[in-house]
Every structure is written in structure tokens, then in C-alpha cells.
Amino acid sequence: MKATLSNRYVVSAAGAILLYFVLSLAFGSNEYYSHVLTLAAINVILAVSLNLINGFTGQFSLGHAGFMAVGAYVAGGLTFFLKVPFLPALAAGALAAGIVGFLVGLPTLRLRGDYLAIATLGFGEIIRVLIINSDAIGLPMLGGPRGVRGIPGYTTFGWAYFFAVFTILVIANFINSTHGRACISVREDEVAAEAMGVDTTRYKVLAFSIGAAFAGLAGGLFAHQLQLLHPDSYTFLKSVDHLTMVVLGGMGSITGAAVAGVFITAFSEALREVQDLRMIVYSLSLIIIMLVRPQGLMGGRELTMDSVRRLWPGRRAAHTGGGARGTA
Amino acid sequence: MEGTSLTMFLQQIINGLSLGSIYALIALGYTMVYGIVRLINFAHGDVYMVGAYLGFFAAGWFGPRFIPVLLVSMAGAALLGVIIERAAYKPLRMAPRIAALTTAIGVSLLLENGTRFVIGPNPKGFPDLIERQTYNLGSLEISNVDILVLLVSLGLMVLLQFIVYRTRIGKSMRAVSFDKDAARLMGIDVDRVISVTFAIGSALAAAAGVLVGIAYPRIDPYMGIMPGLKAFVAAVLGGIGIIPGAVLGGILMGEAEVLSVQFFPSTFKNATAFVILILVLLLRPSGLLGRQQSEKV
Amino acid sequence: MALLDIDRLSISFGGLRAVSNFNLHMEKGELVGLIGPNGAGKTTVFNMLTGVYQPTEGSINLEGKSLLRLKPHQITARGVARTFQNIRLFSNLTVLDNVKIAMHLRARYGVLAGIMRLPSYHAEEKRIEKRARELLEIFRLSAREREIARNLPYGEQRRLEMARALASQPKLLLLDEPAAGMNPQETAELLELIRWVHREFDLTILLIEHHMEVVMNVCQRILVLDYGETIAEGPPAAIRSNPKVIEAYLGEEVKVGA
């Protein structure tokens, strides 16, 4: 079968739908597994969106949980207090998170590597502190340190899976466009990128905002699964979870991020009883990966898509967007 | 009345001084390491925590005597610092800064959760190494613990100043932080210098940990997170990589914290550090005592 | 109107005056060389031209419009392209991608169009790919299309740098030591390539070089910098025998054969 653009799309779409039905049939009836799969899908969204910022654009963000929180509280607040339907609430949460991402990114993205990381960490914590002090800032209904219980449980595995696929599709399409290439050039060499006509500031902020928006989407989904809004769900440790996924999967690889997202979810669940052990394994794996294989599982970057395609010649390409062969 | 509010203000200044000294001791480690390898040692706050625990155990072994406890803690932390540097940071010296920072986060988490795993999450009570007494200077109060903190901190800073400016190893440290490659060409053992820097920084942090253990006798595996962060902000505020900057920044952060409690609810306390950090990074990233640097194209 | 007007351009770093009173007027289609000992300030001039540094004094006008205080990507948009003294390729990307990124400014579709794969995306991407391949063909890099840039031999990396610079369809091309590290054969080929590119693309070129064969044989006019100051300007023959130039390079008065 000729690997034309439209054929590739049809095959990918078919593959995605097939996978969904397989998973649902296998695990759908069991509530626990269903719950874990939903969580896995949400983590895929978080990993892939963080990968856009860290992996593809090379901007080290440690505040992803903060944007998740914004999305969660906005979406959850809308459904709980104003009885807004699920999808518009999710969209509002994502939009809010994207806007916050834009506002945070604009001043912060001038900073270099390690300073940027600390600043984003700072903003993530500031968002959390603002939520904890919601009484003081005139939004007492957000529950402050106690949180809000009873958020409607709208998130199903179906929705989570749908949005995970949606996220992968959007970000893959973005990456395989001139705007995505611009982001990658920022990662590779900012000075050269500017010389090539890339407005590096614009693209850093763009990637940051898009990443933040998807984190907000994930947050909204998360809130409606947990059925709870609580500031402790969005600490720096959560951001470290996301970082671990991106690092494990390989910075700059969408497939890697997605796979790592699923893997880390499964791993966390398996070690649910022994939190200390889980964190120790996480921290060790961060160190070991950096020392031994910093490019992560997939080896990262554009090659990923191509190599997946090469592994199974002629069959489903893992959500490759259209466009040129040189770019995966 | 004017007299009393002035007194209160001065009292706060005094309270802030000992807190500031603690931040300064920790900040020195951050700034020295950044100056020499351009790495934000995320795990440094946790070395401070380990120092406190080492002091706790040392007090068990040697009895509640201040000097042995302090020395054991400082020596142990110095060793830990060198081990961390050699195992986790040295292999990544040529790697992008992001890789080293990720590893540093890993080390930090490992120290926190490792300690929690081995020793248990419940806080421990630090033994009383000295009997508390409060002295009065006119209408101002100061406790002997505060005086101890100030004296020890001052002593250590003077010692550091001596080491950095009057010894050969100190000269080597300054050379390496100025230009690593040139230093190597001059025959300086750069690896050794870097290890020594980490050792000294860690020892100072451990001293801070012991002092804090004496002052606030509750220690737990996560006690290093916030002070570590605030000390980092202090180092950036003063000018990262600049030793007097760390001291200045530490004192300022201590004073700011003590004074801000007067004006803001305490739940905002931790966010204040971040706000200061972000303001410094955006407005004057080289810090109060620092110079601007640009990239050669 | 001259294509490029640089007047009294100067820059100081701290107390050090790196470039002082630099003047250059280039008509469209000229090929001018900029030479001088190491550290004379040549790349600094390029960096000011491309917005990497802001001059402390002076003016830069391209086609009559000022380039001062513009960011580098804006200057590229105005039609100035450059290569770098130390090659700055996107080393982990493919050769083809390196060129495609340089065509970013000419891609006429928005972020949403890209994400939603609208027809404009497909049409433009096709055009970009075609054009990128043409450029690679010109620079004899077609076989390397899918290679990772950092795996290329040095000479080919330099050619890729040039291909990239041309991808943005510039009016003014700044070449910073394009022959650095090349052997005599590669240098001769480069010479031909520069001449060819100059004609075919109807470019105005400003060239920094140390290889005297390149400079003397390809430039119509040469400026000589030393310690940030212009010490000579003129056609190659005049420069070659200028005693001040010889002294700047060799540090003493010596008769130099061609």
C-alpha cells in the first residue's frame, strides 16, 4: 500500500480506534484497571505536552504541575459551581492554563537553562500558594488548603483516551510544520536560529503556552476523575513525575513521552504501597538515565517517528503527520 | 510610642540575624559550587538536612558536646558532598546544563527519600547541646543559642575567607572559577579543586544543620527543602558565584523573612522567597554584587 | 541608493573599543572583502550588522532603512543572511531540515493551519521541500540529504552553512571565513562556488577571510581592519602592496611576493 498522506492518516486513525477497543474490552469491566488506564492517558497528555517545552524547544520547565492546577481548578470550578457541561469546562481550563503559561513565559523565557528551571519551579509554587490562600485573594470557594470535594466524575477512559490521542496528534502535527521546526531550532542553537529568521522569543513562548494549555486539559480531566480539587495534588513533586516521564522516554520524542507516561503510571500503581521506595527508584532512575543514556528510551528527536515506521514497514506509522520525509 | 516600635524593630533585626546567618552558611555552598562548575546544586539543601541528622547521631555517640558533634557532622557532610560530586556531577561536566540539573534533582530526591526510608519519616528531637539562656541588652533580648549561631557562623565565614584568599588551595579555587581551562593549563588539579569546593560547601551546610538542630530541635527528612531554596535565592540575590554576595544575600533573606511575618500571613512566607527570586532573575540577574556577562558569538 | 550604508560604526565592550569608526558603502552586486589580523573586529562588524550586538555609535542602513535596534531575526527578514566563523549548524538535525528551517520566513502558513493540516500547509511544505532540495543540489549535498549534520565532513558542513544562508533569499550575504580549515583544493572549489553564487543569485556579498588567495581573487574591493580601525581600503592589487597592511599582519616592514 502506498504510504501517501491520506493513507497514513486512515491507518493511524484505524490503529488508534482499534487500540481503544482492545483496551476497553480487556480492562473496561474492571474498575481498578479502568481507573489506572485513565490515569495513564492523562499522564500521556502531561508527558507529551511537557516534552514540547523541554524536549523539542529545549526550555527546561519545572512548573508543569502549576498549569495542571490552573486547568483543574478552572474546569472543576466551572462544573461544580456553575454546572457548566464537561467539554466546555475542559476547554476553559485548557485556555486558562494556556493564558497563564503565556503570562509566565513572557518574562521568564528570557532566562537561561538552569535559571529558567528555577523560575518556572517558582511560578508553579506561587500558583499553588495562591490556591492555598484562596480565602485571602477573594476566591474562598476554591477551598484553600482543604480543597473542594464532590467534583462530578465526568472523566471516563474513553474521554481520557480521546484527549490523549488528540494531544499526540496536535503536537505531532505542530512539530512537523515550519513552526515546530522553528521550536526545534531554538533548542539546537538559538543564535543560529535567530540568524535564520526564527523569532526565538515568540517560539519559546508559543511552545510554552501550548504545553501549558495541554497540561491544563490534563488537569481538568484529572480533577474530574479524582472528583477532588486539592492543592497537594499539584506540588513540585508532581512536576518531577512529569520530568521523569520526559527524561525516561527521551527528550524530543513524542512516542517516548507517551510510552514513558504509560510506563510510569503502571510503575507508580505497582509501588503504590511503598511510596518511599517509589520515590527512591524515581530519583535513582533520573540520575542513572542522565549518566548512562541521557537520550532516554527512544534516543529522542525526529528519528523516533521514522524508526518506528522503519520497524514496521508499510504499516501504521505512530501518528506521523504529513509532510516531508526529512522531518519525522 | 516611637521608642517601643524602634525597640521592636531592632529586636526583629536581631532575630533576623541568626536566621540570616544560617541562610548565609547554606548559600555559601551554592555560590561556591556555581562559581566553580556553573551548576545549581539542587541537592545542597538536603546536605544541610543530612548534616543535622549526622549531628543527631554524633550526639548519640559522643554525648551532647557541641564541638565534637559539629566536627563530625561537618566531616561527614564534606565526604558526602565529594561522593555526590564524583558519582553524579563529574561525569556530566561536559553535558548540557539541563542534564546536570536533572541529575541534581535526582540526588536531592534520593537524599530526602533515602533518609526517610532508612531512618523513618517521623521527626527526631535534637538533643540539647547547651542550656538555653536569654540575655538582655537594655530592652532587647537575645538567647545564647542565637549568640552561638552568630559566633559559629562568623567564625566559619572568617575561616572560609582565610582559606580562599590566603591558601594555595584557595588560590586554585579562585583560578578554576575564573577560567577552568586556563587553570588546568597552569597545572592545577581541577578535579581536586572541584571536590574540595564541594567538600567545603557541604561542611558549611552541615554546620548550619547542626546549629538549626540546636535552635529548633525538630529535624525531619524534608527540612532541607525550604531553607535550601531560600538560601539559593539568597545566593542569587547577592550575586551567584560571589562569596560576599552569599553572606549579604543570606542576611537579607533572613531579615526579609522575619520582617515579612509582620505584614503578611505566614502561609505566604514560602512564596515570598520565590517572588524575590523571580524579581531578581528578571530585574537584576547578576545579583546585588554581580557583574553582567554576555555570550561570545 | 546604495544597498548598504554603514557610517561611523563603533562599539565598545566595557572599556575596550572593539570597532572604531567603521565606514562601508556597498552597491548592489558588489563583492567586498574584509580582512585583518585575528581580533581586529571583523566578526564584531558582522555581529553588529546582524543585530547580535548593538553598536554604541554610528548607523547601518539597508536600502535606506535603518537596521539598528532590530533583533537578528528581523534583520534576516529584511534580507541579510550570514554564515558563522565557528560553524553553527543545527548539528543534531538532518541536512535537509537545516535548510528547511532557514526557509522559515518564506513559509506562508500559520500555526493553526499547520496543526489542522490545511491545504496551505501541504502546498507550502511541498514548495519548501522542493526548494530545499534544489539548494542542496547546487551545493552538491543532495546525497547527504538525510544525514545528521554533525556527521558531515568539515568541508560539507561549510557548504551546508552557505546553502542555509541562501535559503532565506537574502539581498546581502555575509560570509564569515567560509574557507577556514579547508585544504587548497576545497578552497579552489569554494572560490568557484562564491563566484557562481554571486552571479546566479545576483547577490551582494561581504566576505571575511584569512585565505589570501580567496580574497585577492574574488573580491572587487577590500577593507583592512586592525585593532578595530580601518587602515586601508581599495582594490586587491593596492591592498597587497600596502605597507600598513603588511605591517599589521607581519608586524614589521617586509617585502611580500604574491
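Note that the chains take the letters A, B and C in the order they are written out, and that residue 1 is the start of every chain.
Everything that follows uses one rule, which is that contacts are C-beta pairs under 8 Å (C-beta built on N, C-alpha and C of every residue); 3 or more make two chains touch, one makes a residue touch a chain.
If you're wondering where the values come from, they're calculated on a predicted model, not measured in any experiment.
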| item | value |
| --- | --- |
| Chain nearest the overall C-alpha centroid of the shown protein atoms | A |
| Farthest-lying chain, centroid of Cα atoms versus that of subunit B | C |
| Intercentroid distance (Cα basis), subunit C paired with subunit B, Å | 49 |
| Inter-centroid spacing, subunit C versus subunit A (mean Cα positions, whole Å) | 40 |
| Length of the line joining the C-alpha centres of subunit A and subunit B, rounded to whole Å | 34 |
| Residues of subunit A touching at least two other chains | 191 |
| Multi-chain contact sites of subunit C, meaning residues that touch two or more partners | 52, 84 |
| Multi-chain contact residues (two or more partners), subunit B | 297 |
| Contacting residues of subunit A [partner subunit B, same complex] | 54, 58, 60, 107-108, 110-115, 117-119, 121-123, 125-126, 129-130, 132-133, 136, 191, 240, 243, 247, 276-277, 279-280, 282-287, 290-291, 294 |
| Touching residues (chain side subunit A, partner subunit C) in the complex | 5, 170, 173-174, 177-182, 184-185, 188-189, 191-200, 206, 301-302, 321-327 |
| Contact footprint of subunit A on subunit B as seen in their complex | 39-40, 88, 91-92, 95-103, 105-110, 112-114, 116-117, 121, 232, 265, 267-268, 270-271, 274-275, 277-278, 281-282, 285, 295, 297 |
| Interface residues, subunit C side, partner subunit A - complex | 50-52, 71-74, 76-77, 81-82, 84, 88-97, 100-105, 107, 109, 111, 114-117, 121-122, 124-125, 128-129, 132, 145-146, 164, 167-168 |
